[in-house]
Every structure is written in C-alpha cells, then in structure tokens.
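First the structure, then my questions, so here it is.
Note that the chains take the letters A, B, C and D in the order they are written out, and that residue 1 is the start of every chain.
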Amino acid sequence: MTALGYAFAEAWTSIRRAGRSAAVSIGTIAVAFITLGGFLMASVNVQRVLDRWLESAEVSVYLVDELPDEVRTALELHLRQQPIVAAVEFVSKEKALARFEADFPELQDVATAVPQNPFPAAFEVRLRPEEAGGPDVDELTAGLSGRDGVADVRYDRRWLTRLTNVVRTAQLAAAVIAGVLMLGAGFTVAAVVRLSLHARRGEIDIMQLVGAPFSYIRGPFIVEGLLLGGAGAIVAVAVVALAYTAAARWLGPDLAGFIGVAQLQFLGLREAVVMVGGGFGVGAAAGTVASRSAR
Amino acid sequence: MTALGYAFAEAWTSIRRAGRSAAVSIGTIAVAFITLGGFLMASVNVQRVLDRWLESAEVSVYLVDELPDEVRTALELHLRQQPIVAAVEFVSKEKALARFEADFPELQDVATAVPQNPFPAAFEVRLRPEEAGGPDVDELTAGLSGRDGVADVRYDRRWLTRLTNVVRTAQLAAAVIAGVLMLGAGFTVAAVVRLSLHARRGEIDIMQLVGAPFSYIRGPFIVEGLLLGGAGAIVAVAVVALAYTAAARWLGPDLAGFIGVAQLQFLGLREAVVMVGGGFGVGAAAGTVASRSAR
Amino acid sequence: MIETQGLGKIYGRGLYALRGLNLTIDKGEFVFLTGPSGAGKSTLLRLLLLQETPTEGEVIVAGRNLSRLSRHEVQAYRRTVGFVFQDFKLIPTKTVFENVSFALRVLGTAVEQQRRRTYQVLKWVGLQHRLNSFPEELSGGEQQRVAIARALVNEPQLVLADEPTGNLDPDLSLEIMNLFREINAGGTTVVVATHDRELIKWVGRRVVQLEHGQLAGLAEAPK
Amino acid sequence: MIETQGLGKIYGRGLYALRGLNLTIDKGEFVFLTGPSGAGKSTLLRLLLLQETPTEGEVIVAGRNLSRLSRHEVQAYRRTVGFVFQDFKLIPTKTVFENVSFALRVLGTAVEQQRRRTYQVLKWVGLQHRLNSFPEELSGGEQQRVAIARALVNEPQLVLADEPTGNLDPDLSLEIMNLFREINAGGTTVVVATHDRELIKWVGRRVVQLEHGQLAGLAEAPK
C-alpha cells in the first residue's frame, strides 16, 4: 500500500518534471491508438453495411395461380416455422404487376398489352443474415420445390454465396488487420515508454545500490508506463470520438444514403474500454520491461 | 565533405553501438509506415473498384421504331463526338428482347404473350468515369431528348449522382485519413528519433563546450535520424510488399471476384518511393530538432 | 566485520584489478584504503557492496558470505551499508532532499522522522539551505556532501566511502572526517578510500595500501 | 590575457555565486584559484569558457569582450581553450581515444596527426594502454586523466582546469602539475582551481582566493 502510493506519487512527479518529453510520448501513443480506433470504427460500420446486405437476402417462392387460401396459409405457416427464416411477406399477383410497372416504366406497353396479369403471386422469404448462403438454405429450397401449390423457388444462390464469401474474407482480413494494428499500437506504446524510461536507467542502478526493494524501484516506472499508455489511449478515444462527430455531421447524410444504414455508428463502449485498458496494460508492461535492471 | 563523411561514420558507429535500442526505434518507425502503407494500398484498390463502377455508368438512348439507317448513323456519330462519351454500343430490338428473356426468365410468358417485340432499339452510351454524374451529362441528355429519332433518354441520374457523391466523399475522406496517417507516421518517427537521441543530449553540450562547429555536432544526429527513419520506412515497404503477396495469393481470387478487378494492385512505385523518402526526411528533421542545443 | 579470502577481480579485458587479497577489518574499526590511481581501491569497495561480483575468492561481511546472498538478502544487506560513490551517483531527477531521504524511505521510516533525520544529516554537511536544489545546481563539493549525507542518513553499520573529500577544501575535509569519527565512535565500521595523505595523518588510523590490485603494506597507524 | 570587470553571476535562485570580481591574469601566467566549497571557482572558470553568461560585468580574454562574440566566434574561441571539467564531462558513447582526438578532429587536423598527437598526450597522462576503453570502464583517476589529456591535446593558448587532481594520488598530481608547468613554459596561460594546499605550495605560483563569490586575498607566492 505504501509502496503503491509511493509509486503513484513518484510517477506523477516524474511525468510532471519530464514535461514536453512526456507530452511527446503520450502524443505518440495516442497516434498509435487513433489509427487502431479509426480502423475499428470503420470496420464496425462496414460490417453493418454488409449485415444489411445479407439481411436483404430473399428466397422468392412463386405460387401457382388460383391457389386455395388454406393451402397458402399452410405454406406460410410452414415457412414461418423454419429456423433460418426471419420474415415472410405475401406478394399478390396485383402487387407483382404494380411493382413491375414501377420498376420498368419503359415497358408499360408490354404490361398493358398482355391480356391477363402474367405475374404469379409469391412469398418473399427473408432469411436470417447468418444463414444466407449457407447449406440450410439449399435444403429449404429443395424441400419447397416439390410442395403443393409451389410453382417455382428462386434464390440467387450464386450471388449470395459470393457475397457471403466476401463478407467472411473481409471479416477475416479485418480481424487480421485489427490484430496487426493492435500489435503495432502495443509495440509503439512499449517502444515509446521504453525509450522514455531508458534514459533514466541509471537511476534504477543507483536505487538498487542503495538497497531499495524492487517494488520501490520498479513501481514508479511501471506506474509511469501505465499512466503514459493510459493517457495516450484516452486521448486517442477522445480524438476518434471528435472525428466521429465531425464525420457524422458532414459526411453522414451522403454516407448513410449509400451504405443504407440510418446513421454512422461510433466505436462501441466495449471497444473504447478495450482500447483504454489496452493502453494502460501495454504501458505498464513496457514500464516493467524498461525497468528491468541491467543485472 | 569531411564533415559529411564524419557525420555518416559517427552516425553509423552510434547506431551500431546502440544495438537493441536502435532496433526498437526502427521497428516503431516501421510500424507507423506499415499502417500508412497498408492504408494506401487498401485505398488504391478501393479506388480501382469505384472507378470500375463509374466506368459502367451508361446513358440509354431509346430510338423510335423503324428509324432510317442514315438518321441512326448520324445520331451515333453525334454521340461519339461528345467529349464526355467513352463508348457507344447499338442494341437492336431483337437483342433487347433476348436480354430481357435472359434477365427475367420467369417472365418468359410475358414476352411471348406479346404480339410483337415491344422493346425499342437503343444506343447504350458509356461515359468517361470522371464525367459520370457531372453537369455535362445533364446537358447531353437534355440535348438528345429533342433530337430526331430519339424516343426517350434514360440515365439513372439519381443513382449515379449518389454514387459519385459517395466516391467524392470517400476520396475526400481517404485524403484526410491519409493526411492524418502521414502526420501520425511523421509524428511517430520524429518522436522516436527524438527520444532515441534525447538521452544523448549531454553529448551535444559537451561537444559545444569543446568548441565543435555545429556541423560536427548536429551532423551525426541528423544523419542518425535520417538513417533510422529511412530504415524504418524501407522495412515498412518490405512488410507491406510481403503482406500484399500473401493477400494476393490467399484472398486474391475471392476479392477479385467481388471487386471486379482482375488483380489486387500493390502500392505504386511512386507511393513506395514517397514513403521511403518520407522516412528519410522525417528522420532527418527529427534528428535536427533533437540536436537543437539547450542554449 | 569484513574478511576477504583470496579475493580477485578481472574486468572484461583480462587484467587483474584485484588479486589474491586477504584482508580482515574488525567490527568498529576505522580503516583508510590508499594507493595510486587504478590500484583497485574502488574495485574493492564495489565488491564489498556487491556492485560487482568477485571473479575469485570470498567476501565475508558480518559473518555472511556475500556471494551466497539471495536477491532479497542483497537488498537488505545494502540497506545496512552507507556508501559514498567516487562519482557521487546522485539521482539527477530528484532534489537534494529526495536523494537523501530516499535511503530512509526504502526502510519504511515514518514520513515525519524521514524529514527530521534528512534535515539533520544535511545540516551536518552544511547543506540545510539547499534542500530543494537539483544535483546539477550544486557545486562539485556540494554534490559530494549530498552523497555523504545519503550514506549516513540511515545510521548504517558499515560506511564505505570512496574518495569522499576529493572535491572538498581541507577544512571541510577535516569536518567530514570528524563526522566519520563520531559515527565510528558509535560502533559503525568505517572504510575510507583516499589519496589525501594529510587527512590520513591527521585522523591517524590504520592504513591499507593497495598497488596493482595487491596489498602493498599493512601499517598500524599511531593511535 | 584575462581581465574581468565587476563580474557577477546569479543563478536562478537569486544568490550571488560571484560578485563584483575584478581580476587580471597576464599572458603566460600560471594562477591557482582556491577557496572553500561553493566559493565560485567553477563559476568563474565556466564564465571564462562562456559555459555560462555573466549576470553583470565583463570578461575580456585576449583583448576580446566575450559577451560580444557571435556563435561562430564562440566556437572558434573555445577551440583555443583547454578545459578540464570538475566532473570530467567525457562522452560516454566514445572511447578514450575518440574522446581525446575529438578536440583535434573539430580543428580539421589531418587524421595521421590526430592519431599521433592523441597517443602522445595520452602517454603523458599514463593512459596509452587504455585507448579503446569506454569512460565507464576506467577508475576515477583514469577518467580525470582522460579529461586532462583532452584539454591539452590541441595545444591551447589558455588552459582552465577545475580541480584536475581531485581523484589523483599525490605523486600523479605532481606529475600533472609538471605537465601544466611545461605547457605554461611554452607560453600558455594556465588557471587551475584546486583545494590541494600541498600542490599550491609545491608549484609555488600566484594564488587567487575566492570566498562567497568575492576575492578574499591576492598573494604573490614565493618564486
């Protein structure tokens, strides 16, 4: 307890006396974490876009004309019971025609030229994003094809499989990059703390020769590393938050339209806490290494 | 010349004697540049995807039925002469029908039910990517609408404008982020060199008291900063190149399919040279600052 | 108190800095260590503090073989030794007061007593008015006196002083020697390495002379 | 050679380290500077090297007012002064040879001559066998002799030595003083700050005594 209080008091005095040098260290650590935080924010948002795309993955189940209501209801019930199904919407023949006319106004003539409504009624089945492109979907579509009242089942499997692959790859790449950035940030923090404290290594030797216990010698260095790292990470989170606010205000509307997500999303609380915690942890670890005595 | 040779010899001796500490500095600088290089590489590739998308921006010029050949040829010539037009393709009525049938097989019935081919012939006009979504396109479409033989001009302006905005925004954001990363990398290099050399500030004072000219005092520090920064940047370029090779081998096929670009692209020679040059430059600048005497 | 048996030290380059040294210093003794530059005086004192480890031979202090101590025992041992380093070894980022009180702090002394004792010792060496200066703001002799104060502040059982008056004027040197004598009178063993023949003559205690790392002569000084 | 007029120096804390000093040292003189710890000896020497700037008064060396020198002139001036610092100020990352030859290197001396002269000077101080050692591998006295060698290597017009024998045994101290006398005989002005009364007596030159930053007495020593 005394040693801990001592360590904090000493570390604080030391940082205060180091002045500009300490500021440079904190700034550098902040830069490392800003990079990491910025990337995490970007990838959180990209992830949301991809989720949204996958969410809109649909299986269209075309129905035969003049289907009795009870068959239709049974089919709908069956669909809703599937675990991989998120939502089911019924599209009547009339609605299908209206949609076609809206989507292809230049083919208005075609639609009106046809004696009767050629569009079949359909169930549009939205799948759970995590299942889209997976093997269960094949099973579902195969099962539906033979069913009573079903004319055709369409599922753009190729496109979705590709998208799923891309998403998986992107997730993997993002994880790898995040890992590398995390390592990089950690390395930078460690290097900066080490360089900051390296100059004061002579002090450690002197303290040892005076018979100071390790807790007294290393404590202040570890706490100093902890404070430098933590301060850097906190500065970084603040900067990323500011950047987010600015981006949301100026770019938000444009981006939101494109990415189809109502709003940019800030780093989750969890990410922010992990970043700050990481700053403290890496700083303390670097302080520990830097204060390892020569002997 | 003597002073320069001296500076290089001294700097080299100093780095060699510093050993692990120098390695830590180079590593940290490399981390900063790896981040920057990785981002540049990613944005070069994203830019290519967006270019590809914009390249496919098309204006469809629907023609009236039974248009005399000479009017059609005159129209085509007119289109080709426009500076914002990249390519013009003629799509006959038959081809338009065939396309529709291929695109919407479930509507086969509709197409065959119609007594005569309802699809108009059209010119599909590909625009130069940098013009798509711009004001000149509006002018072009407006001019075409009134022309002889033109039934309708369709240009999905809303979608393209949005995409263009997004691309512009993304470019802006990328430039800002690249700028920030560049600053960050520069800051890290400067901080690391400064911290590396700060410990040896006493030497500068001693040399000054011995009456050494500034070139002798600061030269070695500047060169040492130069070498540390340059070495870090070179390591970074090498690491990014390795990462690129790995990514191209393992993720290339998946990504290529999605992004529609035959191959991932490495950092351009220019970017690599700029990075290494930046490393040297920032290092030298930091060495200059670090060797600024107390007095 | 101190006994060395065949003590030898070779630094990296292969020359003996100390060789086959057999020396006994009794508890409560006051011994001068002298000899030309590079004779091995500092090396011997460093071995006694365990700042260096011997290449050969043994060092026994207060009945304990120093080379057998664990890390914690080394720390505890050093806290019972007051050492004045030839190059002072003050901590540049701490003030005079902090440099001196640090030796008490690590003993867990109460804050109030730290303050009182530090002030007292700094007064002994005539620096009570420079408590808040940093080492680089002091003259050479003032720095040396801070180093002496630090060595004495925790009332050590053994004082090892390496050239403690090299930067002090003769009057101050005598005062410091009187301080050492007082402490010695209280039962503390004192070993002082010095070149100052005047001082040795004036204090009049046993002198151990080193030359090329070996004993050159053992002379009982006149009481 | 050296003339100070009303020279005063106040460090940050507001006390005079040096006050109203009027002192003249002729060209080719050998002067001892003495006085108790903290009297201002080092401060005076530092002002003569322009390591510090005076708070008041003037310093004129070789007819030039030091406070009027440009940065380049300061460098050129310092190259004509050999200075032995009280705390040695050796560059820890350079070897003994590099530390000494550096003072020649900045003069643009030919490499071969640098080598020869450095070796010669190190031989004078008895360290020709330690060329490739780093300062921390030397004993206190050895470090001090490297500092002396560096001050003498470029045959300066003025040698300022701050306690140059504090870590040397009496015999070596006399040898070093003989060295200074020889250099002095060649026309170089020498100012040595020291506490060693024996040495002053033995060399027998003019003594300037400082006390609390002021002249305490000017005594012509017997020839």
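Criterion: a residue touches a chain if its C-beta (ideal position, glycine included) is under 8 Å from a C-beta of that chain, and two chains touch if they have at least 3 such contacts.
Quick caveat, the model's predicted, so the values are computed rather than measured.
Q: Which chains does subunit A share as contact partners with subunit B?
A: For subunit A paired with subunit B, there are no chains in contact with each.
Q: Taking each chain's centre as its mean C-alpha position, how far apart are subunit B and subunit C in Å?
A: For subunit B versus subunit C, the centre distance works out to 67 Å.
Q: How many Å are there between the centre of subunit C and the centre of subunit D, using C-alpha atoms for each centre?
A: Their C-alpha centroids are separated by 29 Å.
Q: Taking the mean of the CA coordinates per chain, how far is subunit B from subunit D in Å?
A: Result: the chain centres lie 62 Å from each other.
Q: Can you list the residues of subunit B that touch 2 or more other chains?
A: none
Q: Could you list which residues of subunit C touch at least two other chains?
A: Residues: none.
Q: Line, ring, star, complete or other: which one describes how these chains touch?
A: ring
Q: For this entry, which pairs of chains touch?
A: A-B, A-C, B-D, C-D
Q: Can you list the subunit A residues touching subunit B in their complex?
A: Touch list, subunit A to subunit B: 21, 24-25, 27-28, 31-32, 34-35, 38, 62, 106-107, 109-111, 113-115, 118-120, 152, 154, 162-163, 165-166, 169, 172-173, 177, 180-181, 184, 187-188, 191-192, 194-196, 198-199, 247, 251, 254-255, 257-258.
Q: Would you mind writing out the residues of subunit B in touch with subunit D in their complex?
A: Going through subunit B, the ones touching subunit D are 2, 6, 14, 17, 200, 203, 206-214, 216.
Q: What part of subunit C is in contact with subunit A in the complex they form?
A: 49, 51, 71-72, 74-81, 83, 85, 89-93, 102-103, 105-106, 108, 150
Q: Give every residue of subunit C touching subunit D within the complex, in rising order.
A: Listed in rising order, the residues are 11-13, 34-38, 42-43, 86-87, 133, 137, 139-142, 145, 162-163, 166-173, 195, 197-198.
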